[in-house]
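In what follows, subunit A forms one complex with subunit B and a second complex with subunit C.
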Partner chain A sequence: MAAQGAVAARSGLRSALPLLAPAYLWLTVAIFLPLSAMVFFSFMTDLPLTGKPWAFTLGNYAAFFSQSLYLTLLLASLRLGLEVTLWCIVIGYPAAYVLAKVLKGRSREAIFLLVILPFWSNGLVRIFSWAMVLREGGILDTALNAVLPFKINIDLMYSYPAVIIGLVHSYVPYMVLTCYLTLQAIDDSLIEAGRSLGASRLQVLKRVIIPLSLPGLVAGAALIFVPVVGSFMEPRILGGRTGTFYGTVIEDQFVAVFNWPLGAALSFILLAVVLVILAVASPVLRRAA
Partner chain B sequence: MRMPDLTALLTATAVFTSALAFTAQAGEVHVLNWKGYGADEPWAVEAFEKATGNKVVNDFFNSEQEMLTKIRTNPGLYDVVMINAAFNDQAMAEKLIQPIDTSKLANYADISKDKAGSPMLDHDGKVYGVPWVWGLTALAINEKSFDKPPTSIAEMWDPAHKGRVVIRDDAVEAVQFGAIATGQNINDIKDMDAVKTKLTSLMPQIKTFWSSENDWNQMVASNQIDIGTYWSGSADRAKTHFKLPVSLVIPQEGAVAWLDAFSIPVGSKNVAGAEAFINYMIDPKFYVEWVTKVGAPVSANTKAVEALPEDAFNRKVMGDPEVAKRIQFQAPITDAQREAYLALWQQLKVDVK
Partner chain C sequence: MAGVQVSNVSRSFGAHKALDDVSIDFADGGFYALLGPSGSGKTTLLRQIAGFDFPDSGRIAIGGESVERVPVEKRRIGMVFQNYALFPNMSVADNVAFGLSVRGEAKAVIATEVQRALDLVQLGKLGGRRPHQLSGGQRQRVALARAIVTKPRVLLLDEPLGALDKALRVDMQIELKRIQREIGITTIFVTHDQEEALTMSDRIGILRDGGLVQEGPPEEIYDRPRSEFAATFLGDANIFRGDATGNGIRLADGTAIAAGSGPTLVAGAKASCAVRPERIQIAMDAGATDGDANMLKGQVSKRIFAGNNSTYFVDRAGQTLKVIVQNTGADRLTEGQDVVLRWSPASTVLIAAS
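Let's turn to the complex of A and B:
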């Protein structure tokens, strides 16, 4: 039986190979090779393409530990990642619930479209539109002052909240989509059974809906947390004076001073930290899944 | 693959490769410069091509380091490269650029003597860079916020402008600005602690760090800032081309000046074309058109500046001998200095978070 199973598995793999090959070839060429080159660079004193002599060194990694500013920035970026993820859950989860369980037919399609819309616009366009809305004398400021009887001054531009707003707007669709998929898969009769056995709405939410939709919640959180920790465009444009984060420092190394080795080393430290966080969280994630 | 397909593919590849091989032939001038910086103006390229029969192929860089890497890794590709005078020394030492026979450049004689004889561009009696334009990193103000323009750099620290001050996100520029504010020589900063203290006290004043001309102009257009560091050419462009209430202030404490020059890389396949292009770039006719249509820094060619109207900013303000006394030209910076400046700048930005 076991041998037969193995044979079946092997022949299954053989027939699957032509289907898998393009994806793996693509991953090798487009991701694995450049990433390996970056690992290589991160251990060098200088880039070979600059024509200067170079040697292997651990100095780029040591730089992270010798200066407190990198650690400070990494912690700030992790905090940013957590806050953005939290806001995405607060905003995205109820929206996903309404989409999956309340709305039907046309209205569901319409709302869905609105959720996906940010995905279809360019990231920079989104950020610059926020810049128009958030600044003093901008759209939000003008609109509120036109409606409210008293004068308020809204200037959120170039501040930490502006960075949060911009990032949440960019990433909330991930949360809505992943939660929608798991929420939709919950059988309505489970909810009805809970209700008919005397559970309150809150109890049903806590004991039935949230546990069953947890995999979506976790997947969405991971999809959001990881890129936000390394983000640099939103903080740079919306953050102003407070917009220095771990991602912007990496960008500086690549763009401003052309120090690819240090930039690469900082990136891999970030990757390691994120992997450690996901590994520590994985028992929880596995139970959830 | 069936046979006809293969043949077609091979033919296509062959055509493609020969097209690539063709790109570096004589008759073409490959120019490496910042994007949108004179050499790629369509009207200028057209006029030059018509006059000389050479075809101009533009390529761009985003930082001086990238520019050096491009010449290092593509020997023989470029014929003309625009190098900031502070980097000319390094390019020459690495044998990336060749001496220029200035007798082939009719306009070279008109270049002001202090620029043409700059020790940053001339080595062992040979000319490695032809001065093109120069400008200042000084202050610019939003005219709506001032009754009369300030004269001192201390205005940036005035509590009245708290949250309405900008500075460029550039370590070298920030440190040199700090050196001027503390009365030091930008090329020989003795008291780095004083610079750090001075910049630390500036940070709470700052609204944001600008990185492009567009950032600056938008913030003035929406009246979000009062004052900040700015480039002289950009301030001129903001005023004449975009009609913004911007004026340049050259503080009494001084300002940072930079000089941009053209060089010919070692291995250029079209030196004659390169010489013709450089000569065209320092020609008064090109310069006047550039200033009028787009706005530009100050030409190193005295005849070109004299061809501007008498009250033109680049002639009246930048040509003022009083201004010449106050400004300090940027000298070469070592990699170690650059990294130290960046470390200081990043620390300042983290401390203010």
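Let's turn to the complex of A and C:
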């Protein structure tokens, strides 16, 4: 009986192998190998590809600690990640609630489509359209001045708010989607039960709905926070001179300065910091959830 | 504690009339069952009383106070949901404490009241558990404790026993009834299970297509149904259709059936007679003739043995009648046998054609 079971399990694995193999092969080739190469580079004095002599060093990692600029930029990027995540919650959660609990049928599908639309447009196009909107004499400026009786100057271009706006726009769908999934799983009768016990809608939201949808909020926050901390495209295009962040410095090392080893080292420091933050936060969040 | 008056309440969803001019008076402290097939409007009516939905017209009063436009959180009702609707993110004790805590009661008061409510439903030791660690019956009790701990004016139950298996359901019926008597709360109970309605309630309201078909004590509805629907939905009934005579009906083949109760009908009007299967006596021959008794001849087409009783299906003139005979040890009849059915006019109810 037991032997039979073992045979069945083994043949189950064998038959699953053709299904698993493509994914794991792809992950190995596409992620693991390049990433290993990057780890390797980060300990080198120079790129071997250039033909110059090279040696192993810890200098690239030491650079982060010896120059306060990198730490300052990392803190600025973490703050940017935090702010964008908070704005995504403020904007995305109510939208997810309405999608999951208020709208039904076709209107839900239509609004859902509008939420996912940013995913289908090219990121660069998206950011440059924001540039059209935000600059002085741009769409927002012209439109507001056409409506308002007094003259105001709106030039958000090349500012910190512009970076926030661009990033929130790119990442808010993640928050809407993850929150929508957890909110939709909350049985309507729980809301009704809360109200039948005398709780106002706000009390039901605070004590039942938000605690039960916390896993969605956490998942959304993780999906947004991590890439935003390392982002470079939005800060560079919309932030201009003010848009120097940790991510743009890494990008510079790869595309402008050609100091790949330093860029790789800075990347892995960021990865480590993000992992530490998630590790510290996860027990707290899990208890809350 | 308070009674509930529902007066001329109507509610439509689009073109569908979910409730059509329903009036029922639920007296203070009574146990009521709203009984009906799905789509009959019984849950819609309960939701109007709870305040989840407002009627298009009509009046709903709790304790004499009009509430038809008062939202649910201000109605001071207790509700038990079909799927229990316990908050999965809270312990059992926190679930029960919820209503008191949103009201801002002191912690010490809440703790005492929660313990008393949990003791009442015999779950005094399980306050620290999470809902998913409980069995179906225990969840049911927590839901009940949570609904009554706030001392609501009315207790509303939406098919609360529907998800339990048969044996547990019978236990919970007894338990629910005991708790209801103990705290004396007006209770309105929605069910599609006629047996549950019969055994538990002081009064039953039968609904169909958004209208109230008949309302009264279970015995009255069972013994004197006023419509074919009431007769067949609450229990089993043999229905004969024909033309009204002075004291019963005459069937198409000329057989007269006398009825002991029912409305006075004009002779010749379309009418029916209902008789319960257990009121009919079945025999191989006519025996001693009793002048008053209704009598029909037929042939046994099928017998179903259920231990304490047997059900005979008897064919006669294109109709199949159902007869239930207690297992008294007497000889059983066989399929294909010619039989004589007899029952007294007192067991027969005259019903006006609808």
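Keep this in mind: the second predicted complex is superposed on the first by the 271 of 289 C-alpha atoms of A that agree within 3 Å, B and C clash if a C-alpha of one lies under 4 Å from a C-alpha of the other, contacts with A are read in each partner's own complex, and residues count from 1 in each chain.
To be clear about the criterion, a residue touches a chain if its C-beta (ideal position, glycine included) is under 8 Å from a C-beta of that chain, and two chains touch if they have at least 3 such contacts.
Everything quoted here is computed from the prediction, not taken from an experiment.
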Given the superposition on subunit A, are subunit B and subunit C in a clash or a fit? fit
Looking at the overlay, does A:189 come into contact with subunit B only (first), subunit C only (second), both, or neither? second
Partner chain in contact with A:211 - subunit B first, subunit C second, else both or neither: second
Name the chain, either subunit B or subunit C, that contacts more residues of subunit A. B
One more residue to check, A:200. First (subunit B), second (subunit C), both or neither? second
Applying the touch criterion given at the start, work out whether A:259 contacts subunit B, subunit C, both or neither, answering first, second, both or neither. first
Distance floor for C-alpha atoms, subunit B against subunit C, superposed on A, in Å, equals 45
Which subunit A residues come up in both lists, the one for subunit B and the one for subunit C? none
If you look only at subunit C, which of its residues touch subunit A in the complex? 50, 52, 71-74, 76-79, 81-83, 85-89, 98-99, 102-103, 146-147, 150, 156
Sort out for me which residues of subunit B touch subunit A in the complex. 62-63, 65-66, 68-69, 72-73, 94, 170-171, 203, 206-209, 211, 222-224, 338-339, 342-343, 346-347, 349-350, 352-353
Along subunit A, where are the residues that touch subunit B in the complex? 47, 49-51, 67, 69, 72-73, 76, 135-138, 157-158, 236, 239-244, 249, 252, 255-259
Under the definition above, what is the set of subunit A residues touching subunit C in their complex? 187, 189-190, 192-200, 203, 207-208, 211-212
